[in-house]
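Look at the two complexes coming up: chain A is in both, with chain B in one and chain C in the other.
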Partner chain A sequence: MTTTIADRRIEDAGLEAGIARLTPEKIQKTILAVLEGEGGARLKTYVETCVRCGMCAKACHYYMSHKDPSYAPVAKVRQTMWEILKHKGLVSPEFIHQCAQIAYTECNLCRRCMHYCPLGIDTAYIMSFVRRICHKLGVTPQYIQDTAHSHSATMNQMWVKDDEWIDTLKWQEDEARDEMPELRIPLEVEGADFMYSVIAPEPKFRTQLIYQAAFIFNQAGLNWTMPATPGWDNSNMAMFSGDMEIMGRVEMAHFEAAQRLRVKRIVMGECGHAFRAIYDVGNRWLGWGMHPVPVVHSIEFFWDLLNSGKIRMAKKYPGPVTIHDPCNVIRGRGLMDKLREVVHAICDGVVEMTPNREHNYCCCAGGGVINCGPPFKNVRIVGNSVKADQLKATGVKTCIAPCHNCHGGLEDIIHKYGLGIELKFLGDIIYECMEKKGAS
Partner chain B sequence: MQADQAWDWEPGARTVLEDATACAAPHEWTEEPESSPDGERLAAVANLGDGRFTVCVNAEPWETDFEKAWYLRFSPDGRLSAVTMEDGMWTVSVDGESWEESFDFAWGTTFSADGGVIAACIQSDGRYGMVVDGAPWETLHDNANHFRIAADGAHTAAAVQVKSMGQADIETFQKGIFSVAVDGEPWDATFVNCFDPAIEVKTGRVAATIRRSLYDYSVAVDGKAWEAAYDCAWGPVFHPGNGQVLAPVRKKGLWGMAGDAGFVWNPAFVQCHHPQFSADGATLAAIVATSFGKFTVAVNAAPWSATFPVVTDLRVSPDGKTVAAQASTDNTAFRVLVNGSVWPGVYDMAYGPVICPTTGQVAIRVEKDGKKAFVLDGKAHPATFDRAYDPIFSPDGAKVLLRGISGKAYKRIVAPVSAFTG
Partner chain C sequence: MLELYALAVGPLAWLAFGVFVIGSLARLFSMYSLAKKKDAAFLSYMTWRYSLRSIFHWLIPFGSLGWRENPALTVATYVFHICLFLVPIFLMSHIVMWDTSFGFTYAALPDGLADGLTVAVMVVCLFFAWRRLSLPEVRFVTSNHDWLVLVLVFCTFSTGFLAYHQIGDSLTLTTLHVLCGEAMLIAIPFTRLSHMLFGFFARGYIGSEFGGVRRAKDW
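For the complex of A and B:
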């Protein structure tokens, strides 16, 4: 069955209010300004080289779940950017609503389709460009816009206030000292080997992850610190809402925290999109050719701790387990081998999903889609039944996913499709199964 | 850090404390030590066991101990502050004496330039503001960020939320719920965002970067916004002579420097941030990228020729004759840049150049092969340390105070400039 975006229109307070303020003339003026100022050779090349072969269709989890050609990556471009270019930006407010719905909620910017395009077209780039236009037009889903607002006001994505961050760390330190009396969560330690940064849901909802990381780092005898200032949150939803200016401000705060602390590198918690923001996008918007401070994802960091013998496993986590490959650190950074080496070192009975590694299907939460909130929850769950099938086929009861958004997306799928699978971070398992010397 | 003539400037090395981790009270551990500006004291938070903490100065504990103590900082005038908690309430303790009033949370202790005024950020009953020498702002706010104290300590400021907002209420947010509070009192005007307030010494005028909409960045001074709108902007600075406010701004993808009448540096840079004036205002320097990935320093809009992947820690001497910064590649291979020249040394880490206000000479703390050392005008002092603190020039500029821990011993060295020969 083939549908159109009009058939699946969803009401969202941000989108409705946004298009109510628009006229075709205002839309055209804004679009032309964005195209002129930011639409360079890359966009033109992609648009002009696409031969409409449709090989990208089977790369997309939305298409594979619905088997509806209108979900194919090329169809998403056809329904948005090609129309925008064809009409030189003179399109209706309702059309902009459709563009926003496609770009923000039906594409995870996972870049799987780029691997299947014989010409290497990065559809995620084009969808990001559509999002940028929608942002400039003020047509963004309510909840991701709220997240971008939080970034602008607090430099973190969850409205965590300056004191709440420090208070949470002090509280976690107290909790952990019941288990390891000499444990510290070092704050503002100049010259530490690394700054550990997390995403805002950790102090807000998943404080056990900070606890576990602190325990692992203390057990390994590492010289580390966290900043006590804004800049501690490495996430960046403004990158996904299309607000590049706030995206840059958030990255500036993050890197400047690390530079102020004179650390050798930044180690990031188990998050995928944050890595993309820091390693690939935000740094370059700020003019840096590469990141100004080396950035290490937890996968690499745990790999190093295990291989150097700084942490040792007292036992292996009982399998069978499977591995979910987060797009932004696998396709974006190539950590698939290290992820597997870590999982095999800490777990028994690893069962691979098929396809996997750089061909793995997205969790359908990333790219800011889960941050678009409740109105679009069903879209991402139904739009990823292929992932549910993939998980179910493994027959495992545990899935390891080293990314917060992946946990969010997979959790919903597991619940909806009754898969009975428990999700784990690498840190969960390492903390649970490692040797704990001196711990009470 | 302004050196005092009364400090011991007799050239030579002296061990101030044989064991930098020592504390006369029974303790479980001591934390990262801080050195007093004159080098005569070394202070560290000590865990006394049973969840109690105190501060040890030259191994002698404060008389008081606390549920928590952290953020140990010496003020420029040599007073020692710590953020402390007792009975679940937080305050600032200075030289062992806690401020009378305590708060649901206190953090981020900060000082006036001479250290005469000590301020901190506070939260009481879910309301946010600052406390200055123990006296909290009369008006607190739903939230506050970007806390600042004026160089002379006469005023404090922060970006504050002045209107409440429901969960995910993006319409209210975009109407503008933020302002800047000066000594607690907010401007009449509200904006979508307020960032990086700057306070003019003596007049108390305050400037901040603002966002009037999601797309319209500008600068407001005492609540009055510039007419011009920019695509983005970083924090403003006051011209110390004529009070003009300038800020790095972005237009059509390029950055320049603007005042209320428009650009004073043409938007020719891929990046431009951290502007800084000399004391007379004749020199304005900023970190700039002349093209993608090529950073340097621009002085009065003219960029230096040497570019690097990263440039940080810009410093301008009071007379404007010396401008210094540090450069790095992948957070290593640190170089020191002075007036456009590049020192020959390459270091694993650098900690920000220090300019002698009298002579314009530049000293810096660096790290190489795991050891901390000091370099002056490109020449190293022979002493190395495991942990070190920033160098401080004597008032006449003839000597440099070096402070550091080698092994267990905490030492202060008064090094004549001529001792830097390496």
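For the complex of A and C:
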């Protein structure tokens, strides 16, 4: 069935309030300014070069799930950027609502479509550009805007106050010392080998991940630290809301925390979008070709710990398990081989999904989509039945996904489609099955 | 008609080739200048190695995920583009014209083969038209511009085919054929046919990002 974005309009307080303030003239003025200031050869080439062949349709999990052509990557561009350019920005507030709904909630910026476009058109970039325009117009979904506000005010995504952060770490240290009496979560250690950074949902509601990471690092006898100041959160929703100014501030705080502590590198938890922010987006915005402090994702770090023998597995986690490849560290950093080596080292009976590695389907939560909140939840869950089918076909009971957003998205489809699969982080399994010599 | 033919193969041919060459160069140059001015931070990630690596994989039939998942389109696309270059350049009648005008000549395709390849282009044009009409995901994004480009190619090859086989009035068809071909040349820099110019750069850029920064393949 063919619909258009107008047929599936969703009410959202942020979008409604945003468009209520606009007129076509105001919209045009802003759009022309953004195009003039930020639209360059990439946008022009992509728009002019696309031959409208429709090959990219099959790349997108939204299209594959809905089988509605208006969800194809090129269709998303047709319903947004092409119209904007055709009308030289003179479009209605309602049209901007549609643009925002498509760009924020129907595209995960997962870049799978680049494996389908012969001309190499980066649809994710075009959708980010549309988001940038919507942000400048003040038309952003309420939930993701709230996280951007949180970043702005607190430098973390979840309104965690400065003292709450330290308190949470001390609390987890205290908890973990029941199990390993000598365990420390070192704060503000200058010159440590690495700074461990996490995303704000960890202190907020996934505190066991901090516990587990601390346990693993202590067991391995590592020289590490965490900052006691803002800059500890490596997540960045402003990157996805189109607020590049806040995005830059957040990344600056993160890099500066590491530089202030004079650590050799930043090791980050199992998060995909945070890695994208640090490795790919934030550094460029701040004028660095690559990140100013070496950055290592958990997958690579665990690979290193296992290979160097710093941690050993007491047993292997019983299979069958499957591996979900998060787009931001696989298509974004090529960690697919290391991810497999780690999983094979800690689990028995690994069953691969098809397709996998760089060609894997997205979790449908990333790119800020899950952060747009409940109004858009059903669309993304129904929009990822293809992932549910993919998971179901493996016949496993456990899925390893080394990314927070992927957990959110996969959790929802596992529940909705009754897959009966348990989701795990690498850290969950390593903590559970490793040799625990320091434990009491 | 003879005057029109003389005009078409004389001044208009110069005009068409001129617009094609100068227009293409101008467009490439202006895009490069724009890239340097506005996208310098991204242009800096482009590398020959990863650009060519990506382009190489995408030039191989079924060498990428996109090609593999669209097999009919893949075959059609390769046949179409190969013929689109081979036939005009290596057709005996065209070489004869180079010879008459400028006195140089080179190996030609056998007439029978060239004829077959011409038919192939026309068949693929019909296939493309069928896709635009029948496949929802293609129909959704098709505009008049896409039809214009397709019709231009189809007319050029079909008039050439008819003229060669002496079906209909030969002079009229030959004149139409020349005019269509010239229109196509002129259209290359200024329509979606410009993917001939920019496609390699777009692919090369994303190949560089995937290869150099993201360390993942993009095919």
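Throughout what follows, the second predicted complex is superposed on the first by the 440 of 440 C-alpha atoms of A that agree within 3 Å, B and C clash if a C-alpha of one lies under 4 Å from a C-alpha of the other, contacts with A are read in each partner's own complex, and residues count from 1 in each chain.
To be clear about the criterion, a residue touches a chain if its C-beta (ideal position, glycine included) is under 8 Å from a C-beta of that chain, and two chains touch if they have at least 3 such contacts.
Source: prediction; values computed, not measured.
Residue contacts after overlaying the shared chain place A:78 against chain C, while chain B stays out of touching range.
In the overlay built on the shared chain, the residue A:189 is in contact with chain B alone; chain C does not reach it.
Once the two complexes are overlaid on the shared chain, A:70 sits against chain C while remaining clear of chain B. Of the two partner chains placed by superposition, only chain B is touched by A:138; chain C is not. Once the two complexes are laid over each other on the shared chain, residue contacts for A:289 go to chain B and to chain C alike. Once the two complexes are laid over each other on the shared chain, residue contacts for A:119 go to chain C alone; chain B is not touched. Contacts of A:315 after superposition on the shared chain: neither chain B nor chain C is touched. Once chain A of one complex is fitted onto chain A of the other, the partner contacts of A:46 are limited to chain C, with no touch recorded for chain B. Once the two complexes are overlaid on the shared chain, A:230 sits against chain B while remaining clear of chain C.
The interface of chain A with chain B overlaps its interface with chain C at residues 38, 284, 287, 289-290. In the complex of the two chains, the chain A residues touching chain C come out as 2, 38-42, 44-46, 48-59, 63, 69-70, 72, 74-75, 78, 114-122, 279-280, 284, 287, 289-290, 330-334, 336, 355, 358-359.
Across the interface of their complex, chain B is touched by residues 13-14, 17, 37-38, 135-136, 138, 142-143, 145-146, 149, 152-155, 161-163, 166-167, 170, 174, 177, 181-182, 184, 186-191, 228-230, 243, 245, 248-249, 252, 259, 262, 264-265, 284, 286-290, 292-294, 373 of chain A. Taken together, the chain B residues at the contact with chain A in this complex read 28-29, 31-32, 51, 68, 70-71, 105, 107-108, 121, 123, 128, 143-145, 161, 167-171, 173-174, 178, 192-193, 195, 211, 214-215, 217, 231-232, 250, 252-253, 270-271, 273, 289, 292-293, 295, 309-310, 312, 328, 330-332, 349, 351, 367, 387.
Those residues of chain C that touch chain A in the complex are listed here as 31-32, 34-35, 37-39, 41-42, 44, 54, 58, 64-67, 69-70, 73, 77, 131, 135-143, 146, 192, 194-195, 198-199, 201-207, 210, 213-219.
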